[in-house]
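Going by the order they are written in, the chains are A, B, C and D; count residues from 1 in each one.
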C-alpha cells in the first residue's frame, strides 16, 4: 500500500513501535495545504471548525472532538473531565494509563487507578464487578470511569459484545466508559466497524482517538458526546497543556485521516502486516506466539540468544524481561517485504543460535 | 523577506498574534526531509540527539534542551522542575503565566504565583525585593523562581543590565531565574545578542525558548544548564504530557530554526515590521502609542469607533477593555505591504469615524 | 468574665493571637464528659449526630456541618468542594487564604486565587466586579467562589448590607459565597446577629466556622446548605486529611461552644476587650490606631523604639514590617486587668522611649 | 490495667477499632495541666519544644518529631516529604495508604502507589524486588519510598530481621523506608523493642508514629532523622493542613504518651487482650483464626449466622465481605472482662446458630 513512497533500499524499518513510523504523505500534504495566510489561534478558525464537524459525522450526532498533542494528554484530559477528586478509574493492570504514563494520572489528574486483572489485556466483567464493593464508603475512592484500551496493549481486541457488556455494567453503577483508543482505528478495522460503531455505539462516553500511531505527525482527539463534558473540555484542554495555538495544523492532520478513510486504510494495512508476520513466524519451531494476534502487534517468546541476534538486525522491544516475551509492532508504513525479511531473519537466527 | 512565498492577492494577514502566522517553509521542508524510515520514539533517535547538540552550541556548553509541544507546557515544566511544593514564583502581574495559562501553574504545578507590579511589563528590582520578606516563615510560600518574560507581554524588552541586576538579586536569595522566552528570539534580535548572551549569560537558569510564535508548526524548548534540573526533566516532561512520541518531527523544526539563524532572520523581520507600523501610525492624530515599541508588538489607544471600523478589515485584539488599548502583533510572515495597508486603513478610519 | 479560672499572679497573657489563648473550661469539661465507653469512629456515632443537629438549629434548616481540625483545613475543603479545576476564588489581598495558608489553596486544592484590593480588609463590590471580565475565555480561570473573611484579618466587620450586596453580585454571576469565619463569632457578636443571620441569611453558601480562636482545643466546622456540596464533603474531608477518627471529641467541643451560647459570650468578651484597649491607648500621643476597631483586634502604629520596649514585656506581632503597624489581639480569656496593664505599659514605654 | 476508671456496668466496649476507645486519663490530665496562660501558636512555644526533645530521646539523637492531627495526615506528609513528582511508593496491597486514605496519596500528594502482594500484610523482599525493574525509564514512575505498616493492617508484626532485610534492599536502590506506625507501639511492645530500636535502628528513615489509636484524643507524629527532611517538614505540615495553632495541646498528649512509657503500657495491654481473645475463641469449633495474632487484633472466619447474631451484641467489622473474615480489635481500654464476655457470646452464638 505504501509502496509508492518507499525506496527499495531506503531507510530501515523495524518493528519497535507504530510511533517509530513516518508521517503519512497525505497528512503532510494536508498540513502544507493550509499553510497560507493568517488564522485565529487556538482553534477559533473556520477550518478547524470544519474538521470538527467532520469528526461529528464520523462519531455521530452531538459528539464533539477536541484535538490535543499526544496520547498521555488525551487520556489525562479524559480523567480530569470525568473524575471528581475522590473518584477513581478502573483499568487493566496492563493499561498504558497504569504502566506508561509516568504517573500522570495520579500527579496531574490526581486520580487513583484501580488496576484489575485481565485476559491478554482485556478486562472481564467479573474482574470489574469485583472492584465495585465500597460504594458510599468515604475511606475508599469511588470508581467513576471504566477505561478500556481498544485495541489493547497486548494486541488483542474487545468484541462488540464484550464492550457492550462492560459498558452496561459500568453504566448500571453510574460510571462512565472511556476508550483509550490510541489504536482504536486498528480495532475498528479488525472488527469491521465504523468509528462510531466501535466507540459511542459500543457504550463509550469518552474516547481518546489516536492519530500519531496511525500516520500523523502528532495529534490525538478527545471525543465526547455528553454536553457537560464538552463544556468542561476547552478549559481543561488549555489547563492541561494541550491547547495548540496554531490549531489548524492539528486539524489538517485529522482532516487527512478522516478523508477517504485514511484511518481505515492505514490501520487495516498494519493489521494485515501483523497477520502476515504471525503466519510466517508462528509455525517456526522455537517461536511461541503468546497472545491472539487481532490487531497490529505480535507477541511471542523466542530463545534469548535468538532474540539478541535478531535485535542486531531489527529494532523491537522486549515486552517482559521476566518471561522474555517480545513485541513486534506493525505500522501503516510496514511493507510486506519488511515482514518477509524479518520472518526470514527469525528463521535464520533460530537455525544459527539454537 | 518572505516575499517568495506570498501571492499578491493571497490570503489575508492580520495583526492578531504571531501565532496566527504560517509555518515557515524552511521548517516544513525540514519536517519532510526527515520523514523517511523508522526512528526510535520519544527522542531516543540519533537525529534528535544531533539537534539537541545544536542547541548546546547555541545556548552554551553544558546546556541541555528538551523539546515540548507548547508554551504553557514549557512554562509549567519549568515551574515543576524548580519549585518544591511550598515554593513560589515571582512574576509580573502581566505575565502570561499569571493571566493566560488557564490556571495551569496552580492546578498542574501546584505553584503559587506572586505577581509584582511592573513598568510596561518589566519587573523592577525594587518590586521584586519587596516580595522577599517572609523567608523561613512556614505560613508563607517561599519564593524560589523569578520568572521574566523576554520580550514582555507588552512588547518591551529588558536590557542586558536589567536582566543581570534582577538575576543577581534572585541568586543572592537562593532563587533561580526563569525566562519565559516565547519571544526570546525577538528580544535577542532587538538587543543584538546571541541566544546564549540573551539567556544564560544574562543570568537565566532555565529558559522556555519559543518556536511556535516564530514560524514553527508547534514546538518550544525548555533549556537548562544545571545538571540536577536536566536529570529531572525527562521524567517531568513525560508526566507533564509534553513528550512527543515522534520526536524527530519536533527536532526537525528546531533544526530549521537554528540552522542559518532562521530564528534571528524571522524575529528581526517581525521586529522591523512593528517598528514600521509604529512609525506609520504613531504620528496620526487620534493614535496614542502606549508602550515603547521594542520587539514585534505595537500597543495603542485609538477611539472606539475607529477600532470597530478597523476590526472589520483586519484582525487584532483589544488588550484592555477598560482603557480600550489595542495590540497589533507582527510576525515572521508580515509583509511591508501588510503594514502599509493597515496603516492606511487606520488613517482612513480615523478620518471617517472621528 | 473568665475571672473564676484565673489566678491573680498566674501565667502571662499577651496580645499575640487569639490562638495563643487557653481552652475554655466548658469545652474541656465537654470533652471529659463524653470520654466514656466506645463509640464508632469517624463521626458515625450518635453523639456526633446530635451535635450536628445542634448545628442545623444554629445555622438554619437544611444546613449541614462537617467538623475538621483547623482553619486551613476548613478553607481548603471549601475550595475543593466548590471549584472545578479551572475555577478560581476571588478574595481580598489580605485574605488568610492568600497570605497565610502556606500555598495550600494552590498546592492542595489546585485553585488559583484572584486577590482584589480591599478597604481595611473588606472587599468592595466594585473591586470584585472588576475581576469578572473574562467569562468563557478558556485562557483565564473562571471565578467560582467569592471568599469573604468575616471578621476580617484587619479587625473590621462587613455590615449585613455589604454582605448582601457582595453576595448578590456573586450569585448573579453564578458564583458561590464562602465566608472564612475563623472569627465569624466575633463578627456576629459585633453585629448583633445570630450565626444563621450572619452567614446563610447574609448570602453565604459555605462557611468555615471557627472554633479554635474562640476557646476550643482544636476544631472548625465547614457548614453548607446546598445538598450537592453536602454530598461531596464526606469524601473531601477524608481525602483532605481532615477526618478525625475519634470524632466525638471534636463534636464535644462544638457541643460546648453552641450550648448556652458560649460562642457569643466568648466572642463578645474578646470584642469588648479590644474596644477597651483601643479606648485606653488610642488617645495616647504616639499611638495611631490604623483600622476601625470592630471585632477583637486593634491595629496601630507606634514608634519603633516603643514597640521594641513593649515587646520585652508583652507578646504581640508586627503586622507590617514596612509601615511598622502592629496587631494586638484579644481573646476569650483576656482579662480587663490584662488590657489595663498593657495600656499602662504602652504609656510608660512612650514616655521612656520618645 | 484500666480498671480504676471503669464503672462495672458502664458504657459498652466493643471490638470495632482501637479508635473507638476513649482518651487515656493521663492524656486528658496532661492537656488540662498546660491549659494555663498564653503560649505562642503553631509550636513556637517552649513547652512544645520540650516535648519535641523528649521525642528525640525516645527515637534517638538527631531525630525530629512533627506533631500532626491524624494518620492520613502523617502518611501523606511522609509521601510529600520524600517523593518528587515522578517518584512512587511501594506498599502492601493491604496498606492503609492503598485502601483507606480516600485517595489522598494520589490526589493530595500526587504520588502513585505500587501495591505489592504480601503475606498476612507483610511485604517480602522478593515481592519488593520484583517491582524495581524500570529504573531510569521516563515512562514509569520511579520507586522512592518503601512504606511498611508496623504492626500491619492484618494484626501481624514484621520481625526485626525482616525490617532490616527490607530496609537494606530499599537503601541499596536509593529508596527510603517509611513506617506507617499507626500501631508502632503495639509492634514494639510485641517485639520487646524500644521505639528507636523498632524504627530508626531497624532501618526506617521516616515514621508515622500513631497516638490516636493508643489513647490520645487526636495526634500523630511524623519523626525523621535526615536533616533535609526535617527542613522541609515545617512547610509541608502547614501546607498539608496539619499545623495545629494551639500546638501545646497536641504536645501535651504526646508528653503523657512518652512519660512513664504510657505508650508501652497501653500497647502491651491491648496486645495481651488480643492474645486472651484468641486463646479463648480459637479452640471453639466454628471459629478459624485466619492470621497470626501478633499485636492487638484478631482476624477470624465464623459462620455468617453466628456473625450476625454476635454483631447484635458487640460492635466489630467485617474485614472481607467475600470470605466473611471478621476483625476484632482490642484497645488500651479493653478489659479482661470485655474479652471474656465477648468470648462467651461467641460460644453462645455458635451453639444457637449452628
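One rule holds in what follows: a residue touches a chain if its C-beta (ideal position, glycine included) is under 8 Å from a C-beta of that chain, and two chains touch if they have at least 3 such contacts.
Here the structure is a predicted model, which means the values were calculated and not measured.
Asker: Report back the single chain whose CA centre is most distant from the CA centre of subunit B.
Answerer: D
Asker: B-D versus A-D: which interface comes out with more C-beta contact pairs?
Answerer: Ranking B-D and A-D by C-beta contacts puts A-D first.
Asker: List the centre-to-centre spacing of subunit B and subunit D in whole Å, with centres computed as mean CA coordinates.
Answerer: Between these chains, centre-to-centre, one finds 51 Å.
Asker: Using the average of all C-alpha atoms in each chain as its centre, how far is it in Å between subunit A and subunit D?
Answerer: 43
Asker: Could you tell me which residues belong to subunit D and also touch two or more other chains?
Answerer: In subunit D, residues 85-86, 101-103, 107-108, 110, 138-139, 235, 238-239, 243 touch at least two other chains, as defined above.
Asker: How about subunit D: which of its residues touch subunit A in the complex?
Answerer: Touching subunit A: residues 85-86, 88, 99-103, 105-108, 110-112, 133, 138-141, 321 of subunit D.
Asker: Where on subunit A does subunit C make contact in their complex?
Answerer: 42, 80, 84-86, 110, 138-139, 142, 232, 234-239, 243
Asker: Touching subunit D in the complex: which residues of subunit C?
Answerer: Its residues touching subunit D are 10-14, 16-17, 19-23, 28, 31-32, 35-41, 69-73, 76, 101-104, 107-108, 212-213, 217-218, 235, 238-246, 249-250, 315, 333.
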